[in-house]
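Next up: some structures, all given as structure tokens.
Both complexes shown next keep subunit A, but they swap its partner, so subunit B is in the first and subunit C is in the second.
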Partner chain A sequence: MGKYADSPEWADVVPISQQEHMPAPLAQIAYTDEYAEAMSYLRATMASNELSERVLALTEDIIRLNPSHYTVWLYRFRTLSALPTASLTTELTTFLNPLSLRHLKNYQIWHHRQLLVSAIGSYEGEAEFLVDMFAKDAKNYHVWSYRQWLVRHFKLFHSASELAFTEQLIGEDVRNNSAWNHRWHVNFADGDGLSDSGLVAKELEYAMGKIELAAQNESAWNYLRGLLAKGAGVEESKVVQFAVKYAGLDGGEVKSTHALDLLASIYGKDPAKKESAVQALELLADKYDPIRAPYWRYRLAMVNSGVAAS
Partner chain B sequence: MALNCAKQKTYWLRCLKTFLPNGYTSMDSNRMMIACFIISALDILSALDASMTTDERSSYIEWIYASQQDTGGFQGFPRTPDANPEPNDSHSDARLTIIWEPATVPSTFFALAALLLLRDDFSRVGRRECLTWLTKCQRADCSFGQNLNDKGEVDGGYDTRFGYLAMHIRWMLGGDLLATQEPAWPDVNIDGLVRSIRALQAYDGGFGDLPCSEPHGGYTNCAVNALAIVDKLADGIPDEDALIHWLVLRQTRQFEPDNEDDEDEDEEQGGFATATTSSAIGFNGRCNKIADTCYTWWICDTLKTLGQIELIDKSKATSYLLNKTQHFIGGFGKYPSDPPDIYHSYLGLAALGILGCPDVKPVHSTTSISVDAVDYLEKVIRPGYS
Partner chain C sequence: MSLASGPGLGGSSPDMLWADKHVEYIVSLDKRDDEYEYWLTEHLRLNGVFWGLHALHILGHPTALPRDDLIRFTMSCWDASSGGFGAAPDHDPHMLYTCSAVQILVMVDGVSVLDEPAEPGSSETKRMRVAHFISSLQDRETGTFHGDKYGEPDTRFLYNALNSLSLLGKLNLVDVPLAVKYIDSCSNADGGYGTVPGAESHSGQIFVCLAALSIAGVLDQRLKDDSKWADRLGGWLSERQISTGKGYGGLNGRPEKEEDVCYAWWVGTSLVMLQRSHWIDRPALRKFILSCQDGEHGGISDRPGHAVDVFHTHFGIVGLSLLEWSENKDGEASEPLGLEEVDPVYCMPRSITKALSRTG
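Let's look at the complex of A and B:
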């Protein structure tokens, strides 16, 4: 009884059921009958290493019931590769795309996609599909990882369309840290960008423009700090001038803890500015960011002892 | 609220003794991990011995060993008997365990950890086979993958978890002791692994899955703990100040998924996280995300390994777990009032063990199992290797 047991197409296969080996097994799961049956046919086709059309249908069934079973995916890819009639493009568009939109938190799907797209050798249509994925979850780690793989694999560093894409997503949500990170990746992951002072200056302007929209946005401040620490030709005084607008010392208005934090870092390195660094860190610990008070006090102790941190 | 020890034990006993709900089907190929979490949680609650008879304990041990492979390592779910049981018949396609049920790095770590917790003596672990197999799971770029396929290629994604788990397998099996012995056993490339981890620190201080990827609490924890167990923290972290800065910035009072947007509006109006209405502090895994139970583990534990756990307020971090995500039926949910799941329930409990909660055993920072179990490894198992 069951979909496979009743099917003449599968009559030649002897299913192999799950063996627990022991009277008291660990982590037993209450499978549905449907899953248990399909898995017992999978064990049998795996045992004979069958690579066939019906195995494609069987693995599709199992993936729909449990998309996290890693060897099922590897088995499916090997079957696809072995069948002259199988189309990798069809696999991508008719099987994988709708499945990806349903199972957002699955890693295997993206690994399978990488295998398919590198075998196909083209990323045509990928950006359009990813728009749908990001519409469901604009911070999905697997999807961003995959997009960064596309950038590396197809050499899309500094590509205008990738940069425009990050601009669009940052425009929709200025706090989307994944989009900020992708922007860094496209600009700087190939290794040359950080020594290009023109590019670094342009990105600095970009970050400052976004901070003006949301002063307390950690993503934009981190991007700016990264440029200051690693980029060529950034004038520290220009960054200080910008940051003080958001973190007035001596009783001025404070609009951003990240600005105070950055000023404390910069001032902390300069013995002549030690008092300002102390003031910024005390404001953070006592007034503006008390949930991190133990950390600000640790930084304070470092400044006071003459060892500047971050 | 304190830890509800009775309910917590009931939750984990149910996981140990009865079928897990159908929703766990997604963990079907990772049952070894679930098994280890269940046993370890009961151990952290000091309830392991009372939870099983002698017969059950030996049955659990046998169940774990039944997943061990002749060629080294453990697979993540019960092994399917070979259709052709002759071990020397390498031409037979029927030897499916070699092809489609490979040993994996995560399952091997969790199997060994579970055996330790059950106080097995490791006498039946194929040490040489396992350590040899482990060297082959390291890629040319020195990162580790999930498993070795039948063509000798490394499968699996780029993920610092694999390097972290591989270094702990090596330590549990005394690979570090054997490398200096004659005749030498094969060893992994430690310097290469350290270099590959070093390349992962991002511009904002955390570690991602690949160079210049977005930092993530889990990847950062595994990167740091992999370095710690091979005593290479200083070599593998380019900028420790930036790492600590990134870790402490993960503290947040945004607890509720639904209120994410409201909080943003507050901030735009110049609001800061100064409210003293809640004494709880949660942790997010990435910048501008909300708190999630598991990141209290991933972030606090990383700070603990770095010797900097005092940079957070431990009582407020504890309060988040006990008062926000502890569930009344036992276990922990991902977010406040979420139903418990095994993953968040385990990491919530392990985090309490790092934060010094008196109701649980102290937890060892790089492994997430009890200090007791690690002592047994160090004082009983490892001395037997020399």
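Let's look at the complex of A and C:
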């Protein structure tokens, strides 16, 4: 007896229980009765490849009981695609959105969303929904990957609203590496951005402004280093001038190991500045970052042997 | 194999390894099938068996789970029509579980079950059908792999494919140079790799990309030709070690995130593959992992004070093996924990992958 066994709508289906289907001595799967019954009807409809309204209801039931069951998601999308009456937008807003907000680590949800939005052909409403998702976890890898997919799929490179969004999240947490990565993606992943010296200069200013808020923030320094390494027209002297404010050599104040690291890289390329590079790396190894001392000593050896470290 | 967490909490003294307790803990997971969480984690079942079995191998108890049951359960997850394995019987076949299944069969020296006909009377073997399932998931335009025929691409699946196909001796079925090209397209300005081009660098993805480059046979040459690349990536990975506060010695997976035992593997093995594992403070990392043990009931948690589970138990144990063996190789003395050596590329016992490379 159960929800499905008692329902006249399902009277024509012979459920397939797990026991009959496959013995599994190690890792036998124990279900609650409710879930076991729904699964036995799922096996039956999948076996006959039924794509119907009642299958939508059944898959919804199972997803609510266990949203990580990837098989059922794929079956649900197939069913949605086959039913002329099914509304993909309704699926998105009334079913998927609330579910996503409850199950933050689930990635089936995001793939399902990608299939739906792809089929709908519009990203209307997506930015608004993602604000709610990021409010729950601003570094969620699935959600960021999905947002990058949106940028690629709908060609949103250099979009003012995408940039404003990264600015908002970086404003809320300047150490949000995911937001920094997205900013890089929007600005530079289409391939043209890095050769635009105006854009590179603007982003350099942006990164410097954020470093001023938190000198030891690895994300902002990595962004700056990426621009220095790959961007067109960056004046190295300007970067040095900025970095020395956070890493005084000759007994000055050191506020950031990342600044010392960057100075060591730049100085290390110039034989005339070798002594300064050595000093920066020794400060890292001995005083400011001894947990990685062997790494800094390796860099030191490279500088001393005349091979420029990058 | 139950993936439910607990019952214990990690938080043991950081000076010793409770090896016997961990063996008892893992073996007991097989009997915990009456709990609510057990079926909620059904989608990970075959992975769970892999984590438990591999940890037992590294702990020196490779036969603690019954071999026949392992083979029977693994084959009960096989879908003959597609050739792939699902997470559990009746689940759709997927790359993740297909890779775990092949690794399990190799570990119990049972991969010969795949040399039977795919169906009675068929001239095709199960091995060929599994290999074709994996190779069918390569995107022949970009070189990457999908997890299943509907799903998204991920460098994780690319690694799974190269790992399991090479174990099956069928790497020739896929376009390896194109896969390498795809990995290169996922490289970021910070030296790391993500799931797809442009995705944030993540140490789990760095592990799969480096290991795939190694199986593709190009990693060694790159380390020789491009030491600047290896230095930059090694530097980024070294930055993952937490240098202040209560997570001291632990590793995180991305900048400005919290430490977690599982990164001892993802970051640690990437540094080993880059031949730069001495760049971090290995004794401090060992202490961090040991402090996440439940010394009473066994098991390891993500960080001290949290519930233990089989995922973190596995990655804690293999992380400790990695530390011990890499220190030995570098001639740095450490207190021996007596763990078997783990293969940094395959995430399998070294003794087994060594024997394979001799016969293969």
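A few points about this structure:
In this section, the second predicted complex is superposed on the first by the 299 of 310 C-alpha atoms of A that agree within 3 Å, B and C clash if a C-alpha of one lies under 4 Å from a C-alpha of the other, contacts with A are read in each partner's own complex, and residues count from 1 in each chain.
FYI, a residue touches a chain if its C-beta (ideal position, glycine included) is under 8 Å from a C-beta of that chain, and two chains touch if they have at least 3 such contacts.
The structure displayed is predicted, hence computed values, not measured ones.
Under the clash rule set out above, the superposition-derived model of subunit A with subunit B and subunit C contains a clash between the two partners. In the superposition on chain A, A:Lys287 makes contact with subunit B only, while subunit C stays out of contact range.
Greater residue coverage of subunit A by touch, when subunit B is weighed against subunit C, goes to B. Judged by the touch definition given at the top, the superposed model places A:Lys255 against subunit B, while subunit C stays out of reach.
Contacts of A:Glu218 after superposition: both subunit B and subunit C are touched.
In the overlay built on the shared chain, the residue A:Trp184 is in contact with subunit B and with subunit C. In the superposition on chain A, contact of A:Phe77 is made with subunit C only, not with subunit B. Residue contacts after overlaying the shared chain place A:Lys139 against subunit B and subunit C alike. Of the two partner chains placed by superposition, A:Val278 touches none, neither subunit B nor subunit C.
Of the two partner chains, subunit B is the only one that A:Asn49 touches; subunit C does not reach it. In the superposition on chain A, the residues of subunit A contacted by subunit B and by subunit C overlap at 18, 21-32, 35, 43, 66, 68-71, 74, 111, 139, 141, 144-145, 148, 175-178, 181-182, 184-185, 189, 217-219, 222, 225-226, 229-230, 289, 291-295, 298, 309-310. The residues of subunit A lying in touch with subunit B in their complex are 16, 18-32, 35, 39, 43, 46-49, 65-71, 74-75, 107, 111, 139, 141, 144-145, 148, 175-178, 181-182, 184-185, 188-189, 214-219, 222-223, 225-227, 229-230, 255, 257, 287-295, 298, 309-310. Per the touch definition, subunit C reaches subunit A in the complex via residues 1, 30, 33-36, 38-45, 48-49, 65-66, 69-70, 72-73, 76, 86-92, 94, 148, 150-152, 188-190, 194-202, 228, 231-232, 234-236, 238-239, 241, 243, 249, 254-257, 276, 278-281, 284.
Subunit B contributes residues 15-16, 19-22, 24-32, 34-35, 38-39, 55-56, 59-60, 62-64, 66, 78-83, 93-94, 96, 99-102, 114, 146, 149, 155-157, 202-205, 208-216, 241-242, 244-245, 248-249, 251-253, 264, 267-268, 270-274, 276, 281, 286-289, 310-313, 316 to its touches with subunit A in the complex.
Within the complex formed with subunit C, the subunit A residues making contact are 18, 21-32, 35, 43, 66, 68-71, 74, 77, 111, 114-115, 139, 141, 144-145, 148, 152, 175-178, 181-182, 184-185, 189, 217-219, 222, 225-226, 229-230, 261, 289, 291-295, 298-299, 302, 309-310.
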